[in-house]
Structures are given as C-alpha cells and as structure tokens.
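Chains: A, B, C, D, E and F, in written order; residue numbering restarts at 1 for each.
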Amino acid sequence: MAVILINMWEGRTEDQKRKIVKAVTDAMVESAGVNPEGLTIIIHDIPKDSWARAGILASDR
Amino acid sequence: MAVILINMWEGRTEDQKRKIVKAVTDAMVESAGVNPEGLTIIIHDIPKDSWARAGILASDR
Amino acid sequence: MAVILINMWEGRTEDQKRKIVKAVTDAMVESAGVNPEGLTIIIHDIPKDSWARAGILASDR
Amino acid sequence: MAVILINMWEGRTEDQKRKIVKAVTDAMVESAGVNPEGLTIIIHDIPKDSWARAGILASDR
Amino acid sequence: MAVILINMWEGRTEDQKRKIVKAVTDAMVESAGVNPEGLTIIIHDIPKDSWARAGILASDR
Amino acid sequence: MAVILINMWEGRTEDQKRKIVKAVTDAMVESAGVNPEGLTIIIHDIPKDSWARAGILASDR
C-alpha cells in the first residue's frame, strides 16, 4: 500500500489532474508493484505566494 | 506530544470538525496516553478532484 | 475517505500502536461518518532530538 | 537539500509570506549549512476551524 | 515545481527506489508538464506496524 | 500557531538539530509573529536513497 501526497502549484484543471493521478498510479504499479486499489493520491494545490525556493516566493520570480 | 494531520474530503461543517477533533483527541489521550495540551490536530480539506484511489479521481466515481 | 498522519514520539510498542489505530479509527467513524475501509492511518515515529517546541528539542527538556 | 512544510493559520499577506520564507531560508542556511538553491518551502494556510489543540478548535478559543 | 511525498511500506531496495523515482518523475513530466529539475520526491518508509487500514495494523493482516 | 515539518538528509548530529530548531523558531517569531510556545518543529531525517530530484536518487549523484 502507498499514500502519495503531491504538492504542486495550483491552476491545474480537473482533466489535467485526471491524467496526473492515472500516470502516477501506473508508474507506481509498474515500478513498485503496488496494488492500484491500495494506492491513494492526494494533491495539495499550492498558490505561488505560498511556495518558495532559495528564499524567494514563486510569485516573485 | 503528537501532531495529527487529517486529510479528508472537503465539505464538513465547523460543527462536524468540532466533533472530529474532540473524538480524535479523546481517542489519543486514552489509547496513547498523550497530554491533550500537547496534541495538535490539523485538517486538510481536499476537493474530490484532488483525491484518487486506483488511479481514478474521487470526483469521477 | 481519509488519510491520517500521526507524528508522535518514538517508543510505542506494537501493542500500543494497535490500540491507537483502533481508537482513532473508531473516533473517525463515529464523528466523521467515514467508512473504516476508506481510512488509512500512518504513524511517523519521531526521535525526541527531532522534535522541538519553543525552539527547544524534546530531548533537552 | 531540504523541503520545509509550514502549516500555519491562514490570513498572512503576500508580503508577510515573503518575509517568512526569507527568514526561514536564512536560518536554515546558517544553522544547517544547506544550499539555498536546494531549499524549498511550502506554506499550508489552515483555517482556524481546521486547527485544534487539546481537542478544541482554534476558532472556538 | 512539485514536491511528492511517497509513504509506502518499508523494505524496498535502493534499486527498487531508483526505478520508482524515475518512473514517477517521468509520469509527472509527461502528465503535468513539470520540469524534472523542479521535481523533488521524498520517500517515507513506513514499518507495517505503523500503517493501518480499517483500524487494523498491516502487521496483523 | 504553527507546525513546521522539515524534511532533510539524515546525518545531522543532535547539536546541529539544536541549532536548526532554535534558528528556525527565532526566524518564525520575528517574521511571522508567532508565539514560540505555539510553534512545533518536527524533523524527518531522510536517507539519500529516499530522496530524488529530476528522477535521480541523491545517493547516485
């Protein structure tokens, strides 16, 4: 079993999320041998003013 | 001390959350012996199009 | 569905964890109405020298 | 490299977040010796009715 | 940019992890369009006595 | 109140962690105005074979 938390910038459409969870699930099934029924994916949509690298907000880049 | 992060589908009312944090805190105090003052609970409300099992969004089920 | 991440000090026995996950699951089923089959709990055991409050490690208190 | 997840009460302005990520990054660079380019900070803004201590919602205090 | 936290049962070898992070990265690049340089994956290896579904430890199933 | 989860490569000594939690706490108090008593920091020490960027394990770089 596996639980995957994806933190990414907000703004993806439902259709994009549909493709992401399908692709990541397939990748985990093939590479890790997990049962897809036992795989949960949760997406945390993060605004760009809540994400920083090197001390600089993504909204300022 | 303990910090509990609850990821669940969005849509609960404040009153439901009031009951959830009370019930989970009581459960932790009784089963784990933690001091309630040292127990923090954070709820992450997740939209159904950001939650997937078996590669399928909860919003598509 | 819900995924609960419990961060707590390491040192609990398997039997204590057995009681904790049972108690928290029961609390979530009763207070939040989640289906127990859809509830995953993950415990992160944290050493006291990796936990701090007010800037002081738990191992120094 | 380091990834820091900050859970805090919602309500900070973008300018406050700008100061927070700068200050935390500087603190990590000085105390942990991480390269700032390898340091990501993600802020999770939590409503007060999704945060509890001692079984009581922050919105009820 | 994205940060992915994978919680899964402990016991994978380094070679299995090498395949997992490659496969998940490829899946994210293709489905989400993220730049691989901006994608960090962190694996949390969880013992079976720290993982529960339906209130039952994985070590008891 | 705030809860900070720091994921970083394992290998820091207790004294380094002591300095890190002190520095990050001071940074949060000054930049975010949080009460230090309400600030919890949890460090997740991650082995290099459980950390990847651009699909490559840190243990392979």
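Note that contacts are C-beta pairs under 8 Å (C-beta built on N, C-alpha and C of every residue); 3 or more make two chains touch, one makes a residue touch a chain.
Owing to the predicted nature of the structure, the values given are computational and were not obtained by experimental measurement.
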{"item": "Joint neighbours of subunit F and subunit C, given as chain labels", "value": "B, E"}
{"item": "Shared interface partners, meaning chains that touch subunit D and subunit E", "value": "A, F"}
{"item": "Angular offset of subunit A relative to subunit C [C-alpha, multiple of 5 degrees]", "value": "180"}
{"item": "Interface sides of subunit A and subunit B: same vs different residues, half threshold", "value": "different"}
{"item": "Pair from D-E, B-F or A-B with over half of its contact pairs in common with C-F", "value": "A-B"}
{"item": "Chain centre separation (subunit C, subunit E; CA means) in Å", "value": "20"}
{"item": "Inter-chain centre distance, subunit B versus subunit C - centres from mean C-alpha coordinates, in Å", "value": "11"}
{"item": "For subunit C, residues that touch 2 or more chains besides their own", "value": "1, 3, 5, 7, 22, 24, 26, 40, 42, 44, 51, 53"}
{"item": "Contact pairs between chains, per stated definition", "value": "A-B, A-C, A-D, A-E, B-C, B-D, B-F, C-E, C-F, D-E, D-F, E-F"}
{"item": "Subunit E - residues contacting subunit D, complex", "value": "1, 3, 40, 42"}
{"item": "For the subunit C and subunit E complex, residues of the former touching the latter", "value": "5, 14, 17-18, 21-22, 24-26, 36-37, 39-45"}
{"item": "Subunit C residues within the subunit F interface of the complex", "value": "7, 44, 46, 49-57, 59-60"}
{"item": "Subunit B residues within the subunit C interface of the complex", "value": "1-9, 12, 16, 19-20, 22-24, 26-28, 30-32, 34, 51, 53, 58"}
